[in-house]
Structures are given as C-alpha cells and as structure tokens.
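One chain, chain A, appears in both complexes that follow, with chain B as partner in the first and chain C in the second.
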Partner chain A sequence: MPEGMIGQGIGASPVRVDGRAKVTGAAHYASDMAVPNPAWAFLVTSAIARGRVTAIDETEARRVPGVLDILHHGNMRGEVQEAGFFAGGGYAGSSLRPLEDDRVHHDGEIVAVVLAESYETAREAAYRLQVRYAEEQPSAGFDTEGAEARDAKDAVQGHEDAEVGDADAAFAAAPVKIEAAYETPTQHHNPIELFTTTASWENGRLTILEGSQYVHGLRNGVAKQLGLDPSLVRVESPFIGGAFGSRGSLTQRTALIAVAARRLNRPVKLVATRDQGFTIATYRAETRQRVKLAANPDGTLVAFVHEGTEVSSRPDPYKVAGTQTTARMYACPNIRTKVTILHADRNTPGFMRSPPEVPYMFGLESAMDELAHALGMDPIELRRVNDSTHESVKGLPWTSRGLMRCFDAGAEAFGWKDRTPQPRSMRDGDWLVGYGCASTIYPTHLGAATARVTLTPDGRARVQTAAHEIGTGTYTVVAQAAAEGLGLPLEKVLVEMGSSELPPSPVSGGSNVTASVCAVVMKACEEIRARIAAAAGQGPLQGRDPATLRLAEGSLRAPDGAAEPLTEAMARASNGAIEVYAENIPHGLPEGALKSLYQGKPALGAGLEGKDRVMAAFGAEFVEVRVHSRTAETRVARILGAFAAGRIVNPRTARSQLMGGLIWGIGSALHEATEMDRKRARYVNDNIAEYLIPVNADVPKLDVLVLEEEDKATPLGIKGLGELGNVGTNAAIANAVFHATGKRIRTLPIRIESLL
Partner chain B sequence: MRPFAYERVPDPAAAQRAVPVGSSSAAAPVPTMVLAGGTTLLDLMKLDVLRPERLLDIRPLESRLGAIRLDGQGLRLGALARMAQVADDVEVRREFPVLAESLALAASAQLRNMATLGGNVLQRTRCSYYRDVSYAACNKRNPGSGCAALDGYNRLHAVLGTSEHCIASYPGDFAQALMALDAVVEIEGPQGGRSMPFAELHRAPGDRPDIETTLRPGELITAFQVPAGPWAKRSRYVKVRDRQSYAFAAASAAVALDLDGDRVRGVRIALGGVATRPWRATDAEAALAGQRLDEASAMRAAEVAFRDARTHGENDDKPELGRRTLVRALLEAQRMEIA
Partner chain C sequence: MTPPPLGRRGLFGAGAAMAALPDAIAAQPAPQEHPAMTHTLRINGRAHPVALDPRVTLLDALREHLALTGAKKGCDQGQCGACTVLLDGRRVLACLTLAAAAEGHEITTIEGLAGPDGALHPMQQAFLDHDAYQCGYCTPGQIMSAIGCVQEGHAESPEDIREYMSGNLCRCAAYPNIVAAIEAAKPQMQKA
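For the complex of A and B:
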C-alpha cells in the first residue's frame, strides 16, 4: 500500500490530492484557463517615482500592426472608482485609483496599458510608446529628504502601542542592559507564477481569472471599482503558483483589464513581467528598529523597549507593527513599544509571509542573544527564565505555549551542547563555525468561514468552500477534514475551492485557513451525521442514542460495534442527497465577522487580539553557519527547527510548510533585499537573477521536528503553521554569525561586506 | 522584443558577408547581430536593450568551431564549444584547472549547457541602468546620456578601469582565466583571419563605454589558444559571491603560479567582479616575482593590485574584498597538489 493511503482523516499524511495534477500540468492555474479569442495587454510602468506624465505619444506604438487600443489617464473615462485601502475598511492594497490622472506616485506605477492581438505585438508597441515626464525629487524613505513620519497610533486605525510599567526608568536602573538598532530591507514575494489577470464580459457579467488569496475580496473590490453589483462578478482562482501575501489584496491591474475587455468587447489577458511584479503589487516594508533590553543578573527581564519605523506610501499607512508580538513574547514588568510610519514616494507595502513577526522578531531575538552574551548566559536559558504562561501586556493566558519544549527538543537534536560559548572559538579549516538559535512564534489567527457539504446517495461527499490552494495543500487538508467528519476514504471526497461562486472562506493569509476552514467543514459534517443518526431508529442501530452514533469507515457506527453501511443509513434520512450549508464564527471573533466575510473584507481575529486569552504556535530554530575567515561569505551548514503548533492535520504538508519557511528564512537572512536607487526612489534588482533567493546549494542539511501539542481552546486543536517557520531564522542566523565571528550584524541581509 | 529577421548561417564566410556584425559598433540600433547560445543576447532583446533587426545564428558552425584540442603547444578551444563541455573536460580540468573552475562556477547548469565560449567572453554587464531602458542615463546603452550608476546604486560596480562615463563591471568569469593564461584569441573577419592576445580583446570604457571590444565590424571570434606552460597546472579561480551558486562575482581572482619551492618564478593574475573589463594585475605580478609567496607578500601584491581603485559609495568595500580574494587565490594555488 503506498504510504499516502495509510489513514486519511485529520492527523494522517496522505499525499496531496492534487499532486499528480500539478506535476503533470493537468492543474490549470488562472492564466492557463482558456478564453475565446483573447486580446493581450502589456503594461507600461512609470520611469520615475514622483512627478507628472506630461505627454504620451502613441504614434509609433499605434503603427505596430495588431495594436487595438492604448489605455492611459488621458482617455480613461472615470470607469474605475476607489476600492479603498483594506486597512481602512476597503479592498485594495493601495488607495490609488489606476490611471486616475497624470500624477506619478511611485516607481513602476502603471501609466498605460497597450492592447493588441498578441502578447508579442502588445509588448513591441509598449516599447514604442513614448511617455514623457516632469520629474520631481522623490523620497525613497530612510536616508532621503521629504519623507513624512507619523505615529502609527495616529495614522493607523486601531493601532495601539504598548505601555506597561515604566520601561525607561527600569532600563536606566537595570544592572545589565543592551541597546541596539536593527534594520530590515524591502523584500518582494516573487511567486513563480507571475501576476496575471484575464477578464471577460458576457451580458453585463464579468469573469475574472486571477490567482488570488481572497476570491470574495477580489469580487467585491472589483465590483465596487466598476460600480457593479458583486453578484455580477465571478472570480476563478483554482490553483495559485505561490502568493505569500502578494495576492491577498486587490491590485490596480484587475479593474484596468476588466475595463479593457469591456471596451474591446472581447476577453483580455494580462501576464505582467517579472520586473513589473516588483511595482504593481505589494512588498515587505523596510524597517528600522531600536531595542532596549535590560535584565537582572539572573537573566529575568526588567525592561523592554521596542521602537520601529516602517516605510509606507504617501497615501496609505500600511503598518507592520510586530511590536504587538514582541511585547508579548517574554515575561517582563516594564514594556514600551512605539511604531512610526514613514510616508514616502513608494508604492504601498503589504503582507508578506509572517508580516509583523519577520522584521520585529529579528530585532527582539537578536537583542535577546546580545543580552545573553552580556549576561554570560546560555541564550536558551535566558529564554527559559523569561518564559511565561501569560502574555505581558494585558496579562492574558496563552492557550498553550510550547516554546521551551521546542528549545529542549531542538537543542538535543541539534547538538547545542557541543557549542563552545566564546565567539570565534569554533573553526573548520579556513571557515569560522558558529551556532545560533532563536525563538519563533506565529499567532493563531482565525476567521469566520462557510462551507457547503453534500453527501450523495452513492456515499460520496462534495465540499464547497471558497478557500484557496496557494501551494500549501489546502485541497488535501480540507478533504481530510471531510473524510474525518463523514468517515469516508479520501477518494470519495471531492473538494471545490478557489471560486467566488462558492460559499465564502476567509483570506488565505495569517495562516488561518486550516483551522478556520476545517472547523466549518467539520461543523457541516457533524450536522450531516446528526441527521443520519436521528433517522437510524428503524435500522440495525435501533435503540441506540443518536448522539453516540459516529460516521466511520463508510458506515454509521454505535459504541457497541453495531454498524450500518453509510449509504443505507443515509437513505433513511433522505430520499436523495443530504446537503448542509454551515457557517462558523470562531471564539474571540466579533459578531460582525460573518457579515464582513460576505462583504469580502478581511476579518481575521483571535491570535494575540483575544479579549480573554491569546494563542500562538511556537518554535525554536537552530543554525550552524560557516563564515570564510578571509573573504567573509556566510553559508548555512545546518538548520533545525522544532515546532509546537497544536494538532497537525497533515504531517506531510506541515513539514513541507515548515521546511519552506526555514529555507525562506535563510534567504531573508543572507540574500533577499530589494535594492533601491535612493536618489531616484526606484528599484534596481527587479529580477530573480539579482534579487537573490537561496539556490539548492545554499540549502543545507535541514531538519524539522514537530512536537505533539494539545490545545483545547482552538478549533479542532489546530494552530496555523504556514508562517511559523521563517520567523526565527533571521535572528538564529545572525546569532550564529556573531558566534562564528564575534561580529554582531544588525542589518539584513548579512552580506560579505558586513563582515569584512 | 521587436521583430527581427532570423537566419542560420552555413559557413563563416557567409557570416562575414553579413556585416556589420557589430557587437561593438557604435551605432544603435545595431542592424545585425550574431546569435550563438543566446543566453545574453535574447535576454537583452526581450528587455529592449539590444534591438538587432537581423540575427545570424552561427550554431550550424559548431562542428567546425566547437572543438577542444590539446597538444604539446597548448589548448585550442573553439568559440562555439559550450561552457559545460569545457568545464567537464577531463584534460582541461587537469592541465588548465583555472579554465574549468571559472566555467563551472559561472551561471547555472542550464545556461552552461547553452552558452558558448565566444559569447561568454562578450557577455554584457549586469549594470541595472544598462539593462533597464527606463533609465535614461546610460552611456553604454545610449552614448552621451550620462551614467546613473555614478550616484545611484553601485554596490556591484567596478572599482578598477572606471571612467567618469561608466563604472559598469564586466560580469564574466572565464575571461579572467583566459587572461591569466596568456590566451590568444583567433578572429575571422571581412579582411580575413587574425589573432591577438586575449588581453587586448576588451577595452576600458574611457569616453566611449558603448565600445566594449576591439573587434572590428563583421569580425567573429573563432577560437582561443591557451599556451602550455609550467604555470597552467597550478592555476586557480576563486569566486566570492553572495550565494553559493548562480551568482555573479562580488570579486574573483584567476591566478596561475610557477613556483620554485616557496619562491615565485612566475605568476599571472587576472581579477573579476571588480573591473570594467577583464583585468590583468601586472603590477601585482611584478611585486610577487622572485619573492617568497606567503601571507605577507600576497597581501603586498594585493595592495598593489588595488592601488588605483576608485569607489562610488555602495561599493566602498570592494577593494578590500578584492584584495582578500586575491590573497586567498594565491595561497590556495600555492597549496594545490600538482601531479
């Protein structure tokens, strides 16, 4: 029996139900879906970051045979209305309206859309389109004139800085302390699937084919932009070739392509280029942080100050604000955090895998290592003495917290005891060797969700929910939940997702989907079970309490072992299929969560925002680095992560997520940075030859340990782990580099010149 | 990409008739260009940087120009030999390790399978301002328009051989190895065949960064001759880069050493990732000649090699990295066990 067939419910490790389709090409991504006779769009993006478009000369472009039309601000007719910035209650990643006027707000803003009979023709004509600008001096953000700083508590609705005790006084009086500044760069998601959109109209109804992490958000956002009733907009996104946050919010391109298709009265297809992907979607905001950390000689923290400044666009206050996590990480009586937004001539940043935690946990976990060194204490022991059952800002209990179990299991497996504490004390030939570790955390976000589950008389189930397969294995885990709930083998469960025509599911962000969607699917399955059980009175299960009857192994079963085949049991309850539409609002979410969901608004909650408790997944990451003693290249030799993330729905896909997170973390620590020409506020390495991510040769021996953890407070005991793996890696690597070289690098990525 | 005519060329004479080949000619758009592996040219056409109206595909000449031949005089590498083919050649690896190493450490396996040696030595800079036509200022792409890199993002830009008109670095690896082995380049052109030292193939930008080589219009590189010599076996290519594979050199050094015990009888040094063209460090060679090779003498030579380095802000650390890379290459070559 193939390994994948052993056990198929929650906790089993079946192979991905869509795996074969993906590797054979049978799985169709949005841009693979055929539309009849499409016209092709090619974007023209701005060559300046701030100023005005003074002229667009179409003559040469129009002369290219096959050109159909060129959209630009001069010929838009107010077709696209504002969708609103998502954080202000809207739908879009930016509040800018596409092609609204002649203003240029950031590098690579869409200034024209060329439409033609073929991709090649559209591209050639785009190259021949003459766009002239009046350039104004832009601000790139840090280190440049003209950026505007605002306190996040004023700029961002609902943002709260933490203030517990008197952190500054406690810091001043503390016997052992460190104070340091950390910097994290602009980063881009660069999913392998490019940003594509296909739009077509039929009888006033719009169909959008686009890779999306939130089809209901996209539908409602586009409907608002185009003044349509949302029911007239359909979004299809059956598979997504990587997203990492970049496809969570509506971008400008979608409405433009819809307008183009309406004008041409034929489908229009856009495949944006890789470099355009750097400026037409979102990215991880650059941050600069200051951390003060003070302790008693025994290591117990007495003061923690964490201040961060984050670059955003002129119009939108996107906040990273990982201080909400760092302030809660360890026991500490005096805490002060502050976030400042720096508005500059940039496009609006957005969510990128573990958005708040990746930059800010780099600051905290580096500082913890610095403090451990100052104390002469093992960094794991420093975390142990400051471990806590309650978070430190409001004193709320963690529903479970596996941090130190992860450190202990990880340290054992990694061989942490072989580390000689003195920096620069381990060596292998020309290479300096260092061990480092760091904590990792990701809040357990949850969202309201809906699903329809249909059990047909042949004993097969169909699950419908507008969740998204972003590469994580969602089709598989949702099928597992239904297989568990209905007692069916996996192959009898069909899952339909990725369409706005299906019952709404939350945005595939914040690592919430497995917990949120499996919970509502299980709720629907439970209702089906209850209906079948209630009708069991006349059959072989006569006399049993319906509440004790379970669906398992293709039958309805009583505790005493009596059973009736499912198809026969269900025939008592229904003459045909049994269909249940379920809605679920997880504990801790507001009443309005379902309403927001139906409106396509992102509405995640729980995590660290609970009123009575906080929940998160934890882990510990261990790294061995090699730094060349002469030329200072840093290479990771080994990496190990130990994680506690509640009940694991599918250990196979969970391991894959965590492994991918650790590899992502290697890239974040050592390679990834979107480089700016700060004078011109433009990106320069906007391709994946020069925007470096780890190649196979950079990925060393890698181990993932997943610890058992029971958390009765979360739905089904599940904690999301998609964004857990890459949170601690930046600091673990920086800490290992310090141990190898004696040099503390506080600016990411850690490069050769950092260590010369 | 703009429309272009495509032709496959049956013989070099036909290629010559198709002048100007013009990889180094000044006028843009270049009407005709030679296509071999296409790993640089097609990229730059898609980016609208190069706009040939006609491509002459010379891959049909591979049987004639793709051979690797080794004899007592040395090595002859056909210009259409693939990078992977030479990197994997057992004799090249044994007799001229710096050549094989420089090729094996370049690009990715897929690119090495496609790219030819002749095209490789002519590959264009990775300067972002050259490769992105939305930047108006680039003297290399658009003569007289200025250089955005001077006050822009220049972490990877050159510190040697720069001018006030261009600081773009030469991106390749193999050229440094050829240079360190005193290779000769064979050329065929409208006026017949000629050859010249490989060191004379590339030119520094000066006031004409758009003219990158000394090739005349219509000329085609057909082969590289690498003379045999006592230094060839003790030769090494050290490439320092931001990730373990598939990255351009932050700094590299090709060295070939002829040692008499600890003493340097002869040394050849070429530097990559730091200069506007493949860079022979002759003064550093002279500083080492006759000396005992050790950490101190290697560092003195490295000081000499970067004596004239000019930095532009974000590449301020490059001379130091270049020095360390050269020292590492010299000491690693010294430690090589030669059969």
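For the complex of A and C:
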C-alpha cells in the first residue's frame, strides 16, 4: 500500500482522477444526461436592441406538426418572480425577469420559447414564429447617443475609488510622465459546451440538469423565481464543459425551461445555439481607460491616476473596477482612481476569467512600459524600484509577494538580456522581432465551504462537497487533499461533487476553490484523525499522545515509528464508518459567510479586501512577437510565464491552468473582440468562426515556470492560479509589438489594421 | 434570432431563415410532416437500426437517439470540431453530416476506441498522460481528430500537427499538451 500512495497527496502530480471518463466519452455533461421522453425547447430571441414586441403571430409556427406550446410575454402567468441581481444580494446575472412584458431591453433577449416533440420541429417552428417590433433607437454604449454615465461610487454598492495624496498635483510637478488612453473590447467566454438546461418535475420537485459554477446558487435562485422551497429544487452538474465565469450566475433561461416542463408535465430539454449564447448569458464589458503615470528620473513612481469607464446594461450596474488592483500594484505616494458605469441598451455584462484584471492591468502594464521607455529604463528595473511589501492604498502588508523573483527567473529563462532596448532594433529577415514583458497578479479570494468526509471500515474515503469541475481539476485536487489528510492512496478516495444535494461549496469563481475546498476537506480529515487517535489507547500505540499520531501510508503512526493499520485503528473508534461534516470560514470573512453560502450567495472575501492584510499570487510574463515588415501579420513566436502562487496542490493541473491562461492572453491581445453594429446595438460576429479564439496553430513555444513559495497566512498556503495566467499577457504582447515596430497600440485586439 | 447561415439548414425548409427577420412576410411553403425513415447505422462495429426524421444530423442521431453522447455539440455549424467522428476512418463533423447520409458507412465514435477489456487506445492514453484536456468537453472530438490526423500522415512534425488540428477548438487551451500527446501516441499507433 505505501507504494501505491507515493506522490498522491498535496503537491503530487497524479493523472486526473476523472481523466479516464473524459477520454472515453463517459463524462456526462448536462445535456448528455438522459431524461425520459423529453420535449424540446428552442429559443426565439429579439431582433432589436430596444423597443417593444407589438405582436407575436403564432399561426405559422403552430401549423408545424409536433409543436406543443409557445411561451411568450402574452401568455406567461406571473410564473417567474425576480431573482435579483447578484451584486445587489440576489442570484441572477441580470435583474430582468424573463418574458415579463413586451419591452425589449437588449439584442438577443429571449422573447419566446417554442416547445415541440423534437429538436428539429422546435427549431422549424421557432423560425416560423412571426415577431413584430416597434423599434426605438438603442444606445450601444461608447460613441452612441443615449447612454447614461454614473459614478460607480454612486451606482455600485460598496464601490470605493482610491484617493491617496494629491495625484494630479504630483503628476503636474513630476519630471517624467506619460498620459495615455486604452481601450478593451467586449469579449465572450464561448465555452465549447453550449448553454443547455433540462428540467423535469416529479411530485412537485424540480430537477435541473445544467452546467453550473454554483449549484447552490442556481438552486436557491430558481427556487426564489418559482416560489418554491429550495429543498424542492435539485441541480445536477457533474461535469461542466468550460465556464470562465459564464455559468456563475443564474440566467433567464433556467426558470423558463422549468415553467415549460411544468406546463407540459414532461421533461423539457434546451440546447441553445451558439449565437444565442452571445446574448442569453453574460460577457466581458468593454472599457475605456485613461492612465497618468509619473516618476522621478530614477524610476520611483510619484503619481498614478487610473480612470475607467465600463459599459453595462440599463438596469444593472455591473462593475469591472480593476482599479482596485492597479492602485495596489506598485509603491506610489499619490494615487487617484475613478470608475464610471455607462448604462446602455445592452445585456448585463458579468464575470469573465480575471474580470477586473484583464482590462485594467492592460492599461497599467502598458503604461509602465511607456514610462520605462520615457525614462530610458529597462521595464523590469522600473518594476523593481517600485516593488513593495505593502499595498499603496491602505498600507496593508502583502502576505507574500513573489513578483520580482518571477521577473528574475523568467528573464533568465526567456533570455531577456538578448533584447536590444531600442524599438525596431531586432529583425529576422522580413520579420520585425520584439520582446515584451508585463506583471501579472491575481487576488487570493477565499470562501466559506463545507464538506462531508466518510471513512468506511474497508479503509476507503468518500468526500462530498458541492464544488464543480470546470476543467480546473477539482475532482483531483479534492481527492489529493483527502488522500493527504487520511494517509490513503488516491484510488481509495471517491469524490462526489456538482450536485445541490451535497454540502455547499462556494461559487467556482475568483480562483478560490482549490484553497477554500481543500481547507475544509483537510479540516474534516483532521477530525477523523483525531477520533481515531483518541481511541488508540488499547492497541499497539498504547501510551502515545494522541495529538502526535498521524494518518499516513494506510496506517495510524506514532513519531517513534510504531504503527497500526488504518482499518484496525479505526475499528477501535467506530463499529462502522466515521463520518465528519466540516465547515470552514477563512480568515477575514464574516461569521455570516456560512449562512450566505447555504443561501447560495456568491460571498467571497480575502484577496485585496482584507482588513489587516492583502493576499495575491504574482507572476511575470515574457513574449517574443514577430511582425511582418510588409504585411503587418503579427505572431507570438514564444511566450513564457513565471509564477509564484503559494503551495501548488497539483503541479500538473496547475501548469495546465497557467498554460491555458497564457493562451487566453494571446487571444485577448491579438484575436478576441465581439464586434457591434453600433447603430443597432447588435452583435455581428456571434459565432466561433468569426469571434476569433486561439487555435492550435496560434500557439507557439510556451513555457510555464512555477516558483516555490511558502505563504504562512493561511493554514495550507494555497493561492488560486486559474485566473493568474491571463492577466497582463495582453500588455506584454502590446509591449512586444511596440518593441518590434515602434508603434504603441492602445486598443485591443491588435490586428493587422492596427499596425498599417 | 440571427438567421442561420446558408448551407445545411437550407435543406430543412426553404425560406425558413426569412421568418426570423422582423416584418419578413416571406412566402413560406406550408409546414409538412417529416415521417421518420428507418436507417441502419453501423457504429463502432455494431448495426443500429433507427427511425429518424430525415432532418436529423448524425450528431443528434448519436446523442439523442442512440445514447452515444461522447460526440459533443459545441456550435452545430462546423466551426468547433467537438462533434468529430470517423466515417470509414476519415474524420468528419457529425453536426454537418445528415444521419441518413451516414448509412452504409462505418462510423467510429469515442465510445468505440477502448478495447472490450477497457484497454485505452494509445491516443486516449496519451491524452491522459499529457494532461491534454481540461474541462474535457472538446476532448472526444480532439481525440477522434488526432487519430485521423495521424492516419492521414499529417502528424509528421509539431508544426504539422498544430496546423491539422486547428479545426478542433479547445477553449481551455490545452493545445501544447494536445500536440505532445499526438507526438507520443503516433509511434504507439503505428506499432499497434
């Protein structure tokens, strides 16, 4: 047995425990799970962005053989109540009630749901449904009439702009300074799994099969919408085909499909189309930023001003507000930040991988490169002279900060010393070569979590917690935590997740899950250990202090080497299984965090919100780009990220997360933008042939370095890293493009036309 | 609703796309019955008789009528590759293939790769070993496509693999690991 367990606890790199299911097709995602005799739903979404539905003519649609029903605002009977906007204490990504009335609030809003015997029939009838509109001139946001700007500090609960010293006066008086405007586009998550929902009722109980990053949030939100006790709603989401934030909050479709299933008295299945996915869930808000950055000739920062305007919907003030991160990034005595929300006729944006940091660190890390150029200073050295053990807004200490270690290790591995500082000074035939770098940071969010761990008499463990497998490897890292805590080989640990019937875990967002869930699983394992150790008095470990006994290698072991096989030791403590339910509230979170968790509220804390300290993972990213001197074709030739993210639970899955993040960064810099017809406020490239995401051929040589880091601020010292890799990458690439071409591109994505 | 692109869906009822446009009063043919037609699909070495609406794609036939949900729907319009299966050993997009058109061909899906004893195909094993997936949703399509890629002789170099695997999107972006897995599986496949 000892042999079987070597390298399977925390810090080991086992093959994923769910890997076999994923490579054989046995992993069942929501729409893979069979329900008996389902009816099919097909959505009809609005063809205008603002106005009213004046008529819905069902005649042609109803003539399609096999059509069962058509839901629209004219025949809803108040079945769906408000779930509330998540940032205002509710559950949903938008405060709109689906099919509430004849108003159209944004492009692609659900205006009808066609139900039929088959998918093909539902689709045909949906295309035959005649929807007529009275169109009003919409505002798309920037550059259009009718958008309404509000200060985030007024519009958003709890938002604070930073004000330290007198940034504007210091900027005016500074010897070296830059001032620039940056723009980041609308982006869509586009997970490859479509947005699907299957709903069925049995004796007044509702079962929802839906890919979710928060099954307890979905359960409670739908229960509120339908006026049900949450115990009557069950959500199953064992595997999720990518999420990236898009499945964190309740969307409008779920309650509608549940209502349809209740009306038809049979299960209803929805597989929304790819284009509908662009408007029935959330997206990354577009931003426009102004940065003023000033320094002394030695590079020490004297002033930093960061202002951002972000597009949101009419009813909801979704905030990006990455200024909370940028203001804390470097030492600086004078800081002013400001966020403005621009309300327009759009659907409500939401979380997308590293929501605040991706757009705002593009602004800051581009500006740092511009300042380094103005100073005639190496961009790494500029970051070094402004490195700090404390954040700059409240003066709180970082629990650990590996930024410069990452720059030094990364620069060495990348070969940064080969860079000649002058722009356009490196060339390979027709290709202009540029090196660029940028910092990355991601706050260490933590959430309250619960778990049940059961050790059965045969020496196997079962871990139950409603966490989610969105690709991050959660089944595996949770199994590793239990294997570590109970001294078992991995194959003796079974992990059950992704169901609202299990003890609640936090939303799988903000990169918190590995840290939050491993902590509570370890806590449960420790209690099991303590119970077994306390009963060891009569056996071969007689006389040892129970506190010194530990579970390892399938035994209960004393420091002097004496041991008793686990199954025998546990038989002293229990006639059957030992089952422990544990709860954990991390440092800095309120006592009410568990109550919020049980209510399905997305309550995360720590990170940059600590009262006595701040905690984040850091990294440095290096890029070589090649820009063709005649065609301006721009390619990333190689990319390297060096990261310090505390204790790494599984280096294999951690590397994959960071690698995926770096590639997301390439997409952010060079490919991804949801294009709008600004006159009509409608998306035009709502498919994944025209919404460009990186493909295999876009990914060059890629290296990930993970540095050792010990952070003692939390018991396990884990920092989340799923969103660390794709922060700053866009700036590193833009900085490399500047170095290659001498052209500073401040609007993403950088495309051929940006450089002509 | 955005009108669907021309192509496969055009087969499903001329003019249907027009109905989605506001105020489109297109002359539409009357809706008609689509009586099921019985086909025998040979999948993973077994014959499956199945009665299908003639509009059903091979992907929906597998997933919704034959309980073979390994092939995935990611776009339903031939853009993502998640539905890739082998048809007579060639990789095809099951979402762009009508089930009726697959009759008479040997269809291989992800469920048909492992041996009867559960032994994994070398490509499946290589994907495990190289962590060539994250969420796993595109993975069946990646693996089927990777087998096709090797069999076509398009896995001669990493550059070659990157190019010929670029029809299979992976939003988690496991690409470098997918390339490594294919390089590792190729000699194993040739040995087998």
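By definition in this document, the second predicted complex is superposed on the first by the 749 of 756 C-alpha atoms of A that agree within 3 Å, B and C clash if a C-alpha of one lies under 4 Å from a C-alpha of the other, contacts with A are read in each partner's own complex, and residues count from 1 in each chain.
The criterion applied here is as follows: a residue touches a chain if its C-beta (ideal position, glycine included) is under 8 Å from a C-beta of that chain, and two chains touch if they have at least 3 such contacts.
No experiment lies behind these values; they were computed from the predicted model shown.
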Could you tell me if A:G471 is touching chain B, chain C, both of them or neither one (first, second, both, neither)? second
Could you look at A:E675 and tell me whether it touches chain B, chain C, both or neither (first, second, both, neither)? first
According to the stated criteria, A:N685 is in contact with first (chain B), second (chain C), both, or neither; which is it? first
A:A547 contacts which: chain B (first), chain C (second), both, neither? neither
Which partner chains sit in contact with A:D275 here, chain B, chain C, both or neither? Use first/second/both/neither. both
Identify the partner contact of A:T653: answer first if only chain B is touched, second if only chain C is, both if each is, neither if none is. second
Chain C versus chain B, contacts on chain A by residue: C
Taking the superposition as given, does A:L756 touch the first partner, chain B, the second, chain C, both, or neither? first
Of the partners chain B and chain C, which touch A:E193 in the superposed model: first, second, both, neither? second
Doubly contacted chain A residues - partners chain C and chain B: 45, 47, 120, 123-124, 127, 275, 686, 689, 694-698
Chain A - residues contacting chain B, complex: 45, 47, 120, 123-124, 127, 275, 628, 630-633, 635, 670-671, 675-680, 682, 684-686, 689-690, 692, 694-698, 751-753, 756
Taking the touch rule as given, give the residues of chain B at its contact with chain A in the complex, in rising order. 1-3, 48, 126, 128-129, 132-136, 148, 151-153, 155, 238, 240-247, 250-251, 317, 320-321, 324-325, 327-328
State the interface residues of chain C toward chain A in the complex, per the touch definition above. 1-2, 12-13, 16-17, 19-23, 28, 30-34, 53, 55-56, 60, 63-64, 67-77, 79-80, 82, 109-111, 113-114, 120, 124-125, 127-129, 131, 133-140, 143, 161-163, 165-179
In the complex of these two chains, what residues of chain A are touching chain C? 15-16, 18-29, 31-32, 34, 43-45, 47-48, 60, 63-65, 108, 118-121, 123-133, 135, 189-194, 239-244, 271, 273-276, 469-473, 652-653, 655-657, 659-660, 663-664, 686-689, 693-699, 702
